[in-house]
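Note that the chains take the letters A, B and C in the order they are written out, and that residue 1 is the start of every chain.
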Amino acid sequence: MWIQLRVGVAKYGAIAGINLQNQLAYVWDTISRSTHIVVFMFIFTQLWGAVYRLQDVTEINGLTLANTIWYFLMAEVLQIGQIRHDTQITEEIKSGAIAYTLGKPYNYLGYHFSNGMGETIVKMGLLWLLGSPIALAFAGWPDVRLAHLPAIAVVYLLAIVVNFCIISLIGLMAFLIEDTFSLRLIYQKIVFILGGLLIPLDFLPEGLQRVAGLLPFQLTTYAPARLFVGFEWPMFWRQLQMGAIWLAILLGLLSLQYRWAARRLAINGG
Amino acid sequence: MPDLAVAVEGLAKTFVVRHKAPGLKGSLRAIVRPSRRDVEAVREVSFAIQPGEVVGLIGPNGAGKSTTIKMLTGILHPTRGDATVLGLVPWEDRRRLAYHIGSVFGQKPQLWYHLPPEDTFRLFARIYELDQDAYRRRRAELVELFEIEPLLDVPVRKLSLGQRMRCEVVASLLHRPRVLFLDEPTIGLDVVAKEKIRQAIQDMNAEEGTTIFLTSHDAGDIEKVCRRVIIINHGRIIFDDRTAVLKRQYLTRKIVDVRFHEALTGPLEIPGVHVIKQGTFGAKLEFDSQEREVQSVIQDVMAFASCQDINISDPPMEEIIRDIYQA
Amino acid sequence: MDKTLSRQRAGTLLAHVRVELAFIRGLVGINLASAMEYRATFLTQIFGMFLNNGIYFVFWYLFFDRFGTVQGYNLEEVYLLFAIVAMGFGLAYTLAGNTGWRLATIIAQGRLDYYLALPRNLLAHVLFSHMVVSAIGDFFFGIMAFFFAGRFHPAEIVLFVVSCVLSGCVIVGYGLIVGSAAFFFGGAQQMSMQAANALVSFALYPNTLFSGFARLLLYTLIPAIFIGGIPVDIVLGRDGRLLAGLAAAAAISLGMGTWLFYAGLRRYESGSDINVM
């Protein structure tokens, strides 16, 4: 038994060793690809530091400089780390492989989601590790209360799911159009403004803020980032409401698109 | 001394390669103290090629073929030794020599993928500073010789591999090179395409006296096109003589793969034929085509049992070389 | 040597340069032809770049609408900054599309051999053998941005054009430097991509935001100030001395890049640390 135990430990040690080596390689690769978060964070600290100094205020629209910096970190991490499976879907459609995988909508998309989630969590964790030293240096510790973290996590998850749905919609458009990459690019650019990635929605003119508040884009980036830096229960409930409405709409659209795709596959035979 | 096309004397090339031990410990150690290892790719080769010769250079992977060619085209500097191509030292006069040599690499295309071959030809005319009229005349000659008239304005990506290779060879001949280096020109081609390229190469050599240096894994290329063969193995030349000599001594072995309809009941025995392997439904045989004619061997095999499939091939290059090495 | 086919091999340097320039023109032509083979992709790439850059215009419009100015820059000046960076980048990558990480890839994959076997100037041949289609979009975006910037005095226009060309030279030179790193160590492709991205990212923000050590960095390791900030000052201030400074930076960038490339080439030709193929 003693020998068995030692053999077992050795075996799992070997597997863990290989896994660790693989993971280290993957981590190193991701890190070396992720210098832009460091670049962006640095640029943002300088830009917004200058703005606050010039305006000679401690708060703009309810956000301090520290808030703003942490806001950008959260937003960037979400944006860069998001699940990007639209290229996979597009390729599956183009190659016809989708005929085999398009069994049931929840299975197909669920598979992509769980696949993507694992990678996303690691990526976001790494991005957070890379970007937070800069935020810490310029803005100190973030102003978050432990009690609020679960609620923030919910909105965070909501953001990932809403984004996932939109990306899925884009990917499945490959049945209709040749170049879904352009669609994703357009979506990305919309999020830059209406998702609050380049400028917190709080700083936008009233009218635009209201429009942005009604659209799903702010759910993917602005909502969790804003709640992180200045949590308010009413804001949380409102975002949850919006989230529920938009999820319903997006999932409805997805199932429509799905059924249409399945019918098209059946007719064209893949 | 008569003007040689290629003269090589004691050419050698040693690479310094970084060496990493396997495993995590090896990776860590490599960061701290990288260990270097000498790899002798080419060990003092010498040969001389007359203008107008068609020479085949064969050897297994890693034998030093590519390294030798790279030194002759001036891409690599040798560790030791001398070489001249058309009277120029390749690694000292690379650009000057480039005007007079051509190269085709089977694995690395020169033609622009999305455009018709015509566009690449025109670019090459500029690369080699060809006079417009002379270029047009030359192009017409080659187009006729290689039969690529209908392909001239078809985008290269739409051409078959054989068509593409013919266009590649044309591109490499536009500037009338005196020496042509062909590296695996028939790789991946079907029998008809191979034959076309081989014929065109021979015609080129016959009409213009272009010295041709051909590397290939295909014994058929060597047999049919080259009058002289240099075999290189582990960086050394182990054979340098006429193809006729190689054929007579080594290329007469034939391998037969046969599948039968019914299971074999006993050992396969045919006079003059050696059984390499025998299974229930098939067998691998070999024989010397100088001792027994191919036709009669096949007849014997078919007489033995009803054949489902039969395949005759030359022994792989590695085996030929092994035989030579052991001889 | 056969003279019937080739023109008299030119002896003078000027003639050599003329031949190479004619060759480069031919290369650019074939690049463009190749890119236009796929009309749809060609147009979407250009359009995509307009969108990509244009969204930042929306950001800056909203930003300045709210905050007025920042560190000496207003909206028109940011438009001018974008115009210069976009045009410089567009010029650089439309013509010398193989600079930067593509050069690192060519070196790492041994594709340099193709160019080495041909009788043209190696560096020019490699650099000009590719055109990044989206960079054409950047180029035209730059022109559009210049109109938004509203500087129409002839002197300003001339200074703008010259600055863009010099800025493009700095970009090409920088790409040569980071791309040639592939001669010296693996993983250079990744590094050169990051470096080139960082260069453009920093360049697109008012350089007056940065001070101290960061500012030093942006004059040296990541010369973003030379491709954006200094050209803006040249156009706005009609500063001839700064122009001379930019020209010097361009010359240094190209010079260092060329030197590093040929130093790496010597290493490549001697075959050290190369995969034995």
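Simple rule for what comes next: a residue touches a chain if its C-beta (ideal position, glycine included) is under 8 Å from a C-beta of that chain, and two chains touch if they have at least 3 such contacts.
Here the structure is a predicted model, which means the values were calculated and not measured.
Undergrad: Which of the chain pairs holds the record for C-beta pairs in contact?
TA: Greatest count of contact pairs is found between chains B-C.
Undergrad: Taking all protein C-alpha atoms shown, work out their mean, then name the chain whose own C-alpha mean is nearest to it.
TA: If one averages C-alpha positions chain by chain, the most central is C.
Undergrad: Where centres are the averaged C-alpha coordinates, which chain has the largest centre distance to chain A?
TA: When every chain centre is compared against chain A, the largest gap points to B.
Undergrad: Would you mind pulling out the distance in Å between where the CA atoms of chain A average out and where those of chain B do?
TA: 53
Undergrad: Per the centroid of Cα atoms for each chain, what is the distance between chain A and chain C, given in Å?
TA: Averaging C-alpha atoms per chain gives centres 32 Å apart.
Undergrad: In whole angstrom, what separates the CA-based centres of chain B and chain C?
TA: 41
Undergrad: Note which residues of chain A are touching chain C in the complex, please.
TA: Contact set of chain A toward chain C: 29, 32-33, 35-36, 39-40, 42-43, 46-47, 50-51, 54-55, 178-179, 182, 185-186, 189, 192-193, 198-199, 203-205, 208.
Undergrad: Flag every residue of chain C that touches chain A in the complex, lowest number first.
TA: The contact residues of chain C facing chain A are 40-41, 44, 47-48, 51-52, 55-56, 58-59, 62-63, 65-67, 69-71, 187, 190-191, 194, 197-198, 201-202, 205, 209-210, 214.
Undergrad: Given the complex with chain C, which residues does chain B contribute to the contact?
TA: It is residues 13, 15-18, 39, 41, 62, 66-67, 70, 73-77, 91, 94-96, 98-101, 103, 105, 108, 110, 112-115, 119-120, 122-123, 126-131, 134-135, 138, 155, 175-176, 178 of chain B that touch chain C.
Undergrad: What residues on chain C touch chain B, complex-wise?
TA: 1-2, 4-7, 9, 19, 22-23, 26-27, 30, 33-34, 37-38, 111, 113-114, 116-120, 269-277
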